[in-house]
Amino acid sequence: MLHILEIIIPSAIFFAAPLIFTALGGVFSERSGVVNIGLEGLMVTGAFTGIVFNLTFADQFGEFTPWLAMLVAMVVASIFSLMHAVAAISLRADQVVSGVAINFLALGLSLFLVKMWYGKGQTDQVQVGFDKIDIPILSKIPILGPILFSNGYIPSYLAIVLAFVVWYVIYKTPFGLRLRAVGEHPMAADTMGINVAKMRYIAVMLSGALAGIGGSIYATIISRDFSHATISGQGFMALAAMIFGKWHPLGAMGAALFFGFAQSLSIVGQAIPFLKNVPTVYLLILPYALTILALTGFIGRADAPKALGTPYVKGKR
Amino acid sequence: MEYVIEMLNIRKVFGNFVANDNITLQLKKGEIHALLGENGAGKSTLMNVLFGLYQPDGGEIRVKGKKVNIANPNVANDLGIGMVHQHFMLVDTFTVTENIILGSEPKKGGQIDIERAEKEVRELSERYGLAVDPKAKIADISVGMQQRVEILKTLYRGADILIFDEPTAVLTPQEIQELIQIMKALVREGKSIILITHKLKEIMEVCDRVTVIRRGKGIGTLNVSETNPNELAALMVGREVHFKTEKQPPKVGKPVLEIEDLVVKDSRGITAVDHLHLTVHAGEIVGIAGVDGNGQTELIEAITGLIKSESGSIRLNGKEIRNLTPRQITETGVGHIPQDRHKHGLVLDFPIGENMVLQTYYKEPYSKRGILNFKAIYDKARQLIQEFDVRTPDEYTKARALSGGNQQKAIIGREVDRDPDLLIAAQPTRGLDVGAIEFIHKRLIEQRDKGKAVLLVSFELDEIMNVSDRIAVIYEGKIVAIVDPKETTEQELGLLMAGSKRKEAGVSS
Amino acid sequence: KEEPKKEEGKASEFSVAMVTDVGGIDDKSFNQSAWEGLQKFGEENGLKKGKGGYDYLQSKGDADYATNLNKLVRNDFDLIYGIGFLMTDAITEIADQKPDNKFAIVDSVVEKPNVASITFKEHEGSFLVGVVAGLMTKTNKIGFVGGVEMPLIEKFESGFIAGVKAVNPNATVEVQYAGAFDKADKGKAIASSMYASGIDIIYHAAGGTGNGVFSEAIDLKKQDPNKEIWVIGVDRDQYEEGKVPGTDKSVTLTSMVKRVDVAVYDLATKTKNGNFPGGQAVEYGLKEDGVGIAPTSKNNVPEDVLKQVDEWKQKIINGEVKVPTTRAELK
Amino acid sequence: MNENRLTNILVPVFAVILGIIAGAIVMLVSGYDPIAGYSALLYGAFGDRYYIGETIRQVTPYILAGLAVAFAFRTGLFNIGVEGQLIVGWLAAVWVGVSFELPKVIHLPLAIVAAALAGALWGFIPGFLKARFRVHEVIVTIMMNYIALYVSNAVIRSVLSDQGFKSEKIHPSASLRSEFLQSLTDYSTLHYGIIISLIAAVVMWFLLEKTTTGYELRAVGFNQHASHYAGMNVNRNIILAMVISGAFAGIAGAMEGLGTFENVSVKAGFTGVGFDGIAVALLGGNNAFGIILAAILFGALKVGALEMPSAADVPTELVDIVIALIIFFVASSYLIRLVLTRFKKEGK
């Protein structure tokens, strides 16, 4: 049994990491009142940028390449998210619609560029990826060490740390208080001298940045190249994780880990004796079915930020 | 110069609509200055200009003699101007303290110093007699308490000029009295106040001077001591207004609504209506007086089927209707003017026309075999718009675009037109101006005179005293007294509503 | 019904084109291989890429197959390939509608007079890499990762297991299917669990899903260069895919190559020379050099093992050994 | 009033024009010839009768998917699950098509009804969960998409399988294909589904705008509290809205299963039609007639795009960029409205 956990948990964590980053981005955006269905597209942007940068500059930067690629993906995706911000905040667009547009655009544009630059439908494979590590000291803890702290990727651990950072920012700092105020009651925030549009722009760009990281580490660690299928639904899963986690950073992290676990179980499950005879389809649909059940069962009603989805127009009631 | 604020010839235009047309308002230090006008006269707009939410299209603003440009609420805050908005600007999920410090949070490291903030809020609330619990969530406290938080917000920022936009519209009589005391205390501390209200009595009671505006134009400024309610009302509306609605003695018929031993729980599962008895007869208006939160909302929602009741009996013309569906109850003959017109009364994104058949769309002539008959629907809508003086460009206009008063008239038209035996009116005039109030009161009395039973729920004692034939006082979910409006006083009612004096409960009526 | 008139003036030229499935011409798999064959044919015959020469169309989904094939018909290509078994229905239908055009299908059989079918004996090639795996495993635990569970991939699986068992009856082969050919994440997770459970060699027949298998193996190897873990590539020589960064090593033990390029080239040449094998199903196996193990195998596989592989190869070609194509035959 | 309606029509028109111009700019910047690109696209969509046939075939499921999204939208729900409902509809249609042998007049309608029911069932689940537990329909429908994909794949493999990855062909008696349409369009895959989708558009318009059921659905969509107050059964209407939306999506699946493909195969991923339906609905202003026009546009773009790589060397993805930008401009209609109002004022 322990051995099985040693197999399932590390893979659950690496599945979850990109979702955690992206879902945390979603928390920022939606806490400020801007729906972000475009997370999928922002992940695509991050994955594309990360891979292209890695392929282009691997020779110059060697071992640092994936890290730099991650940062560049973060910047590019956050610039890309500006489109959503402009539409949703300044142009009063329907936020869901604008997010859908972001998804279409990111995929279309990145594949277009791949075809233009590489002359084919997918990039080459990157040569330099993130390293697997055993965390010093912690990995030596009996039982827990091998399960939680061995055989992991550094970005995965960063994701978990980041969730706590985001929690601190949102619940303990003035920035967080203002962010939440803007998402709950933008007019109240406005009358308190908070620049609603600015807060929302920052939040949306943060979501772009984090989804960009999520996309780039996903592509670098898992697929190693970029194609139409690299990001296929992870953004939506991150969105689900965010909602499942009740728009709370730690909740989102927990939900992402849960998805990662279910995903991992669905794959590894085939190798576990008592699950071996279960038809694969049950294991495949497990994460999705469990999510629905969980939403229905324990947290029936997730209360979204009140102003979520409504553009703020000064002076309108 | 003795003026702390001077708004000179302020002009504000929305599209083609002139909301403020060269309005001048001057505020003296230490005075309470009323701003009076009908719904839509432009009062909130003018104050939003002063607070920096809108930029004026003309005129100038001086603060303590100095010309200023109030580009946003931050500038207003810096100039010592604070505003308590007509619709509260509070974040429900935040605590009192969080709401107060929002935007100027005390910090320790990069973190909010919440302890210091709570301490400051506590000190401030003690100093001005504004009792609040700094740690309570806004969603959990009463409206009156919420208003104190709004006032504290301005004080926390060191405002010495306070704008109150219709602060009393949402308060109970007790809370209004408390607010008046608070305002007086504030003025004693050297603050100056601009007060927007439709209630002339309040103006007479606390204000020093009053500026009247009508349809965006300034009519003038008067000393309160030199005027009277009738003059003010006439100035505001532009014609004579009758406060006491004329009515004949009631011709009381058989009982229409009989409630016995009714128990209703609220959304949190707490008993809100507690073994209540009440009877309303044909041809009479029964007013329910009570402080907000004593079970009025639950009582009405139980009668109309919006929520389920626990036990007891509700009979309409002798037929048991308790826990039937809203549709069945409507069809039995109940009309309902809901308390919250935006939430319950209208589908704001439907045209006025479609709103007029909200409960009857499935019946002939509005539809036949499941197919709507738009001609019949819009014919009816035109008729009601005409009859109830609903001011709207046409019947295809979305309900959202109408002013509150006109939305209310549309609802009343719809409910009355269905010709129900029992008409329930909950807060039918909340936030409306005197002209609209007069109109609505007349309609209610007209229904009574046609032999309908009318149940009126209101926090406005004036309204209750004025319109009702009998007053039932509700306290903690029970009817604690039934009184005759001609034989009672506001003081007595106030005491009954506070639960301090019990009369024989009106089972016998 | 009237066929559109063929354009004049192109009489001497022979033009060929192919329709890929969603993988595209760089899928590091049969689409790419097919395109390489077509390119070679084009270049050798002095054709230009594009109309009237050699060309390809990539499909973005199932709905595009028929449209793309039709598009090529309308552009008057003389021989049109559908690459992959997914194209079976579309080719069948269009072959009926356009009896005057010549078609070819790879990896499937369509019995129409104007269609030539190309299939491969993947089980034979898989048998050989199975022999390599069976001889080289240290743990006696071997893995097989399939893309989608279907008869074609079952050929890989059965041949591979037969190869392993032939040389190492004690070894076990764990089989897992990812359910898709383009889910690298699944591939990675499966590989991760297989390696963690002690499997040291994984053979993948999973297209893009296999990328995940490589990625996991490389990462593990980087973390611990002494770890003895391998991947066996499929369809093309996947030595490069297995390169461990910072070293000159590769985790690719060997690859089962499937010479779609050879077959495509071969058929185009035959057709140009007027020998279009319409209605026939040509099967390329070890004998025809249509399948085999990659030449780079010598980098990681010792001489003696390769010698044994050669022996088995001869036995299969001779017919001494019959390689199973299904699980039923394997038993 | 009229001016408003005019603006409502002008906004999508401008969005399309802007999207196409932006696409041209992208091509220019990337060193492609926009005129060649767009001519190829136009030719590939309408160049001759074959292409026209293909375009109409593509328009067919787009209309239905668009109707499905729009129907939910109009009733206040966001159905991202059209994709999954389409997949189960496809499966159900083919199942009936393969398993029974009946006269065409019974078989074909039966297969379509089965698809509608399957889609409706897939819509019922999120509808019911929303009504009963107030679970956000967006997540549930996203999850249901994946479940549909995996479950239908499993069913195809184990129940309907012919070679393990696809079903047999449906019996001709359940097919929407027709010799006549094929000969008319030189063997395109055009089938009678287009008629069904046009009928569905009329049904949606009539149901929403003209019936009491539609009135209730719209009312509940806008304001549940007021609808409850007015005596409507809010939960029933939420479920009904999702069920009807899902039925439209299921029929879209039937178009693929009974018309375009005449079978169903194991899918590696989503068809994309359901997601494109979101774009169709949005551009079409969530109204039946607008959806038909939008579906024609997107169908033409998608089919025409296939001609671009060979004729003009432009990647087909250009069309995805154009579609994305069109949606973006529709979403940002405030900008277009602002410009239009300016323009009108100056004109006066």
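Every chain is named by a letter (A, B, C and D) in the order it is written, and numbering of its residues begins at 1.
One rule holds for everything that comes next: a residue touches a chain if its C-beta (ideal position, glycine included) is under 8 Å from a C-beta of that chain, and two chains touch if they have at least 3 such contacts.
Keep in mind it's a predicted model, so treat the numbers as computed, not measured.
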To get from chain A to chain C along touching chains, fewest steps? 1
If you average the CA atoms of chain B and of chain D, how far apart do the two points sit, in angstrom? 47
Could you put a whole-Å number on the gap between the CA centroids of chain B and chain C? 76
CA centroid of chain A to CA centroid of chain D, Å: 28
If you average the Cα atoms of chain C and of chain D to get two centres, how far apart are those centres in Å? 36
Touching two or more other chains, which residues of chain A qualify? 229, 232, 280, 284
Two or more other chains are touched by the chain C residues 22, 58, 179, 182-183
Going through chain D residue by residue, note those that touch at least 2 other chains and give them in order. 150, 153, 269
Let me make sure I understand the interfaces: which chain pairs count as touching? A-B, A-C, A-D, B-D, C-D
In the complex, chain D residues that touch chain C: 44, 50, 54, 58, 150, 153, 157, 163-166, 169, 182-183, 186-189, 256, 260-261, 263, 265-269, 271-272, 303, 306-307, 309-310, 316
Chain B touches which residues of chain D in the complex? 1, 210-216, 218-219, 222-223, 225-233
Which of the residues in chain A end up touching chain D in this complex? 37, 83, 86-87, 91-94, 96-98, 100-105, 107-109, 111-112, 115-116, 229, 232-233, 236, 239-240, 243-244, 279-281, 284-285, 288-289, 291-292, 295-296, 300-302, 304
Could you list, by residue number, the parts of chain C that touch chain A in their complex? 22-27, 58, 174, 176-179, 182-186, 188-190, 192-194, 196-197, 208, 211-212, 214-215, 218-220, 222-223, 241, 243, 245-246
Chain A residues touching chain C - in the complex, by the definition given at the top: 3, 6-8, 10-11, 14-15, 63, 118, 120-122, 125, 127-134, 151, 153, 218, 221-225, 227-230, 232, 263-264, 267-268, 270-271, 280, 284
